[in-house]
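Contents: one structure, followed by commentary.
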Amino acid sequence: MVPIDYQTLLSETVATVRPLCGSGKVADYIPALAQVPSDRLGMALATCDGALYTAGDAEVPFSIQSISKMFTLMLAMEQVGDKLWERVGLEPSGNPFNSLVQLEWEHGIPRNPFINAGALVISDHLVTANQDPKAAICALVRDLSGNAAIDFDPVVAASEAEYGYTNYALANYLKAHDNLVNDVEDVLDVYFHQCALTMSCTDLARAGLVLASRGHLPGANAPRLAHAYAKRITALMMTCGLYDAVGNFAYHVGLPAKSGVGGGILAVLPGDYSVAVWSPALDPSGNSSAGGAALEYLTERTGCSIF
Amino acid sequence: MVPIDYQTLLSETVATVRPLCGSGKVADYIPALAQVPSDRLGMALATCDGALYTAGDAEVPFSIQSISKMFTLMLAMEQVGDKLWERVGLEPSGNPFNSLVQLEWEHGIPRNPFINAGALVISDHLVTANQDPKAAICALVRDLSGNAAIDFDPVVAASEAEYGYTNYALANYLKAHDNLVNDVEDVLDVYFHQCALTMSCTDLARAGLVLASRGHLPGANAPRLAHAYAKRITALMMTCGLYDAVGNFAYHVGLPAKSGVGGGILAVLPGDYSVAVWSPALDPSGNSSAGGAALEYLTERTGCSIF
Amino acid sequence: MVPIDYQTLLSETVATVRPLCGSGKVADYIPALAQVPSDRLGMALATCDGALYTAGDAEVPFSIQSISKMFTLMLAMEQVGDKLWERVGLEPSGNPFNSLVQLEWEHGIPRNPFINAGALVISDHLVTANQDPKAAICALVRDLSGNAAIDFDPVVAASEAEYGYTNYALANYLKAHDNLVNDVEDVLDVYFHQCALTMSCTDLARAGLVLASRGHLPGANAPRLAHAYAKRITALMMTCGLYDAVGNFAYHVGLPAKSGVGGGILAVLPGDYSVAVWSPALDPSGNSSAGGAALEYLTERTGCSIF
Amino acid sequence: MVPIDYQTLLSETVATVRPLCGSGKVADYIPALAQVPSDRLGMALATCDGALYTAGDAEVPFSIQSISKMFTLMLAMEQVGDKLWERVGLEPSGNPFNSLVQLEWEHGIPRNPFINAGALVISDHLVTANQDPKAAICALVRDLSGNAAIDFDPVVAASEAEYGYTNYALANYLKAHDNLVNDVEDVLDVYFHQCALTMSCTDLARAGLVLASRGHLPGANAPRLAHAYAKRITALMMTCGLYDAVGNFAYHVGLPAKSGVGGGILAVLPGDYSVAVWSPALDPSGNSSAGGAALEYLTERTGCSIF
């Protein structure tokens, strides 16, 4: 099989989907996000044999928002193990990411760690397990991406807290059901900060390589993450990573992925590559319009998806 | 990489999970299913290079039940194309397979083709598109599995109709929302028959090869199914194929699959193989207990899943 | 206290609300109802001391639809007694009258006898308890209203059956949950016929007097209905009689009542009178627009409601 | 008609239902309530001609909890008028009093002012309309009951705040839907205090007389409350005043009423009397077991209810 020329492919992809930039609506629930120009488009792809390819605004840092849920889950799995699943489920929710309905029906057990309620339970575990949970999260993403400059955006974090009434509602409801060990404020502080992590496509593609390489990073002597954990996080991305559009994304793209309302999507083709794309305008499901199109183009052109 | 000795692996798998046979409850909503001995266990694996491996009761025919939804979807995609998705969705439901709740909330549009309401819409399409829809379904599975003896079990079909009040409710509700073109009775007749298809693990493994081989069967000159359709059906199996346990199965097994309450599960590793397993006792989600364990063992031992 | 001149009041009420006739939408889910002229308006009031007052189209027979649920409940209470409440609840539903959602959540036990699912359970009781349940219903309303000519409209009954998919769905779902003893078709036949009873405002006002007089009809030697039953049916009308507008009607009118999508409303002021009003155009909740306004005018002008 | 000897009747009622004291479970979601002895039983009845009758622990103050929602609604109706209904509904909810489900479905508009979410919207109105909303509430109940010593129990109020996670969730969710004008903390402070009002049966019976007398207190020259408001609050008590047991209470008792988890119930027979009963052990719906039985006994013995 002829090796794929990823650099050409990325440039072509970015050129092809650029007209979609600005199609949709930039997240505006907090002022800090609403100001991001909607014509931004970046893409980076890191292969399991160690190469990196980029196109467009691949180096521009943006707010990763819910993509952080993948990193906090990874940290919690390593720190807590399978006990994690006593307080959060593994199934797609069939409801919006910030819904309180299912939480009530299922007596305070969130359906999965990628809806907000589930991510709050993960944050609660991190508050329990770490002296400084925010520092631990930062350390993980810096390490995985090899970029020590990654940090929280304090303006975004403050904005999340100021307008975070729905998350306050979710956290208090979890507490009412004894599914939050720590103080509501402490858990939310971690949560609002993780959402405010600022990373570029290049950072994300590199950080995702631990999953694409099934835990064993290229060139490393030892696994960075147990294969079983890498497999399981990837499985969760497949079934729960794209808000209400999980099935649509699997159908059209066919890669496990995690999206954020900042317009980023991180996807992996296990055994091959990790790819990050960013464009701020969102489709009605809250996923980057141009980003989704770019990933669909990529898998169609290569003829490679997990299916 | 050393090639996998599938025959040894299958024998080992069957031996390992046999103690789980009978763990759970054989489906008893119709008498015909309740009589199946719970100690049965069979497995068959067909590889994309044309080999077939079997173990246990691999040749014993059983009621494939909801696995048929995969075949009727395949037929409808070929006959109707993307118009299909105007009347049925692509997303996991987060509700039981026979639930009326989401159908009401979403005004008669079922969430996906693998819950009962969605499968009824697919059946309705087949009634419209085929002079004899039951014969068309039969012809497809006979052709894919290379077994001209496959047929409906008339006792099971009659039993499905006799006790099928929930499906009558779903069909009438779809009709009330103008999402059923044909007569309720005609659509249900097709549906009750497809559930009553009788196939063995070997039949199913062979029939699933069209998906594992991405549409192009081993040794064939031309594709049997468009690659895009194969990819999309496989994606739907991944996100919607295991009732309420989609996430759990993805997490522990990591293969796209479709299960039935007859105790069968058909799974594929695209590019590699199609595998069918059968054991009648079900876990609380309605999936074969021993069957799920067998597939988990298989992917753990080979270290190969789609993730 | 000066006695109320009901004749003048009724004429005044009809004149006042006549401009509202045709405001809203005549029920059109079956052709037979859609043809009723929307400018009809009638009113009849029967007092506990035996007088009858009428205005407008009080003598015109119309399809009483869900008002029949009050009569079938009365019959079933007399025939079955308190065992009735083992299979149907007493509480307002907070959901539309034909919803399947709550039925699913509450495992086939309808919230109250005035939503469709609950009325179907009542019909099932009547099928069990009567050789000819339709004749028994007819006999009751003829007796209570003193009009032996009251009958089912066969065109409406046939139309209800032809377009009754939602009711077929509800009946089958009840059957699936073992909350229907008799055949689905037999129960629905009774239900579709009771909805097709044709009565005038005068008929209804007279028939409602048994509730207004707390079971003991004016001039009779013995109670026609146990006081306890009259009280309880009236209580159910108060909390469940007006579809989704129970609270609104209690707030603005303040009388126990039962409405139907034919445009009729039957209300009672216990100890004083029974009043029926009819005008076919419905508000968004499915209650007669002019009818509701007429009853509000009546209670405001008399200063008398149950509150 | 022979006048009713209310004093004898009350004594008899208390004697009859005393065996039910302690049947059920004293509210224990906050420590302050859990300590109340379950064998307490009191009753007071105030007639529209100015008499007062008492039995048992009628003078013992207790935590009125949700009965306060009737008083805050009265205050808000007088201060805000019909604009109130733009932000809260009038219909029974069909869901538990502290449910978040319906709030989500109906985009932040609570179904009625007697579920917690609705009462929070009323509290928000009171924060807007009053310099010192807590003092205004206190002034109202002191004035209506003629007891200047009525006050908030600071221990109960603090306990409500400490364990009030579900109410924090509801308030934050209302805020997220722009249905709370003031700060979450300010609104909750009012709400937690109103729940902590301490009154006796005698206080409550006297305070309820304004509704029983349709706004015009016995012996007064002018109405204390507009008749229309009295009627409407009473109608809301009828359709929404008893948590999930509205229909059951209407069926068995037949009086408009408001209950609280402190074990109190305040009911009125418009035109006749206001009656308060207290016994701390609750039935599964959260209403006083002995209290409900006492009111059923009262209406059965007198043969008088609103129906």
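Letters A, B, C and D mark the chains in the order given here, with residues in each chain numbered from 1 onward.
Here is the rule we use: a residue touches a chain if its C-beta (ideal position, glycine included) is under 8 Å from a C-beta of that chain, and two chains touch if they have at least 3 such contacts.
Model, not experiment: these values are computed from the prediction.
Enquirer: Would you mind checking which chain's C-alpha centre is most distant from the centre of chain C?
Expert: A
Enquirer: So what's the Cα centroid distance for chain C and chain D, whole Å?
Expert: So the centre of chain C lies 31 Å away from the centre of chain D.
Enquirer: How many Å are there between the centre of chain A and the centre of chain C, using C-alpha atoms for each centre?
Expert: 56
Enquirer: When the centre of a chain is set as the mean of its C-alpha atoms, what distance in Å lies between chain A and chain D?
Expert: One centre to the other, that is 48 Å.
Enquirer: Listing for chain D: what residues touch at least two other chains?
Expert: none
Enquirer: According to the definition already given, which pairs of chains are in contact?
Expert: A-B, A-D, B-C, C-D
Enquirer: Under the touch definition given earlier, write down the residues of chain C that touch chain B in their complex.
Expert: 99-101, 103-105, 165-166, 168-170, 172-173, 175-176, 184
Enquirer: Applying the document's contact rule, which stretches of chain C touch chain D when the two form their complex?
Expert: Residues 89-95, 102, 111-112, 214, 227, 230-232, 234-236, 238-240, 244-248, 250-251, 254, 256, 270, 303, 305-307.
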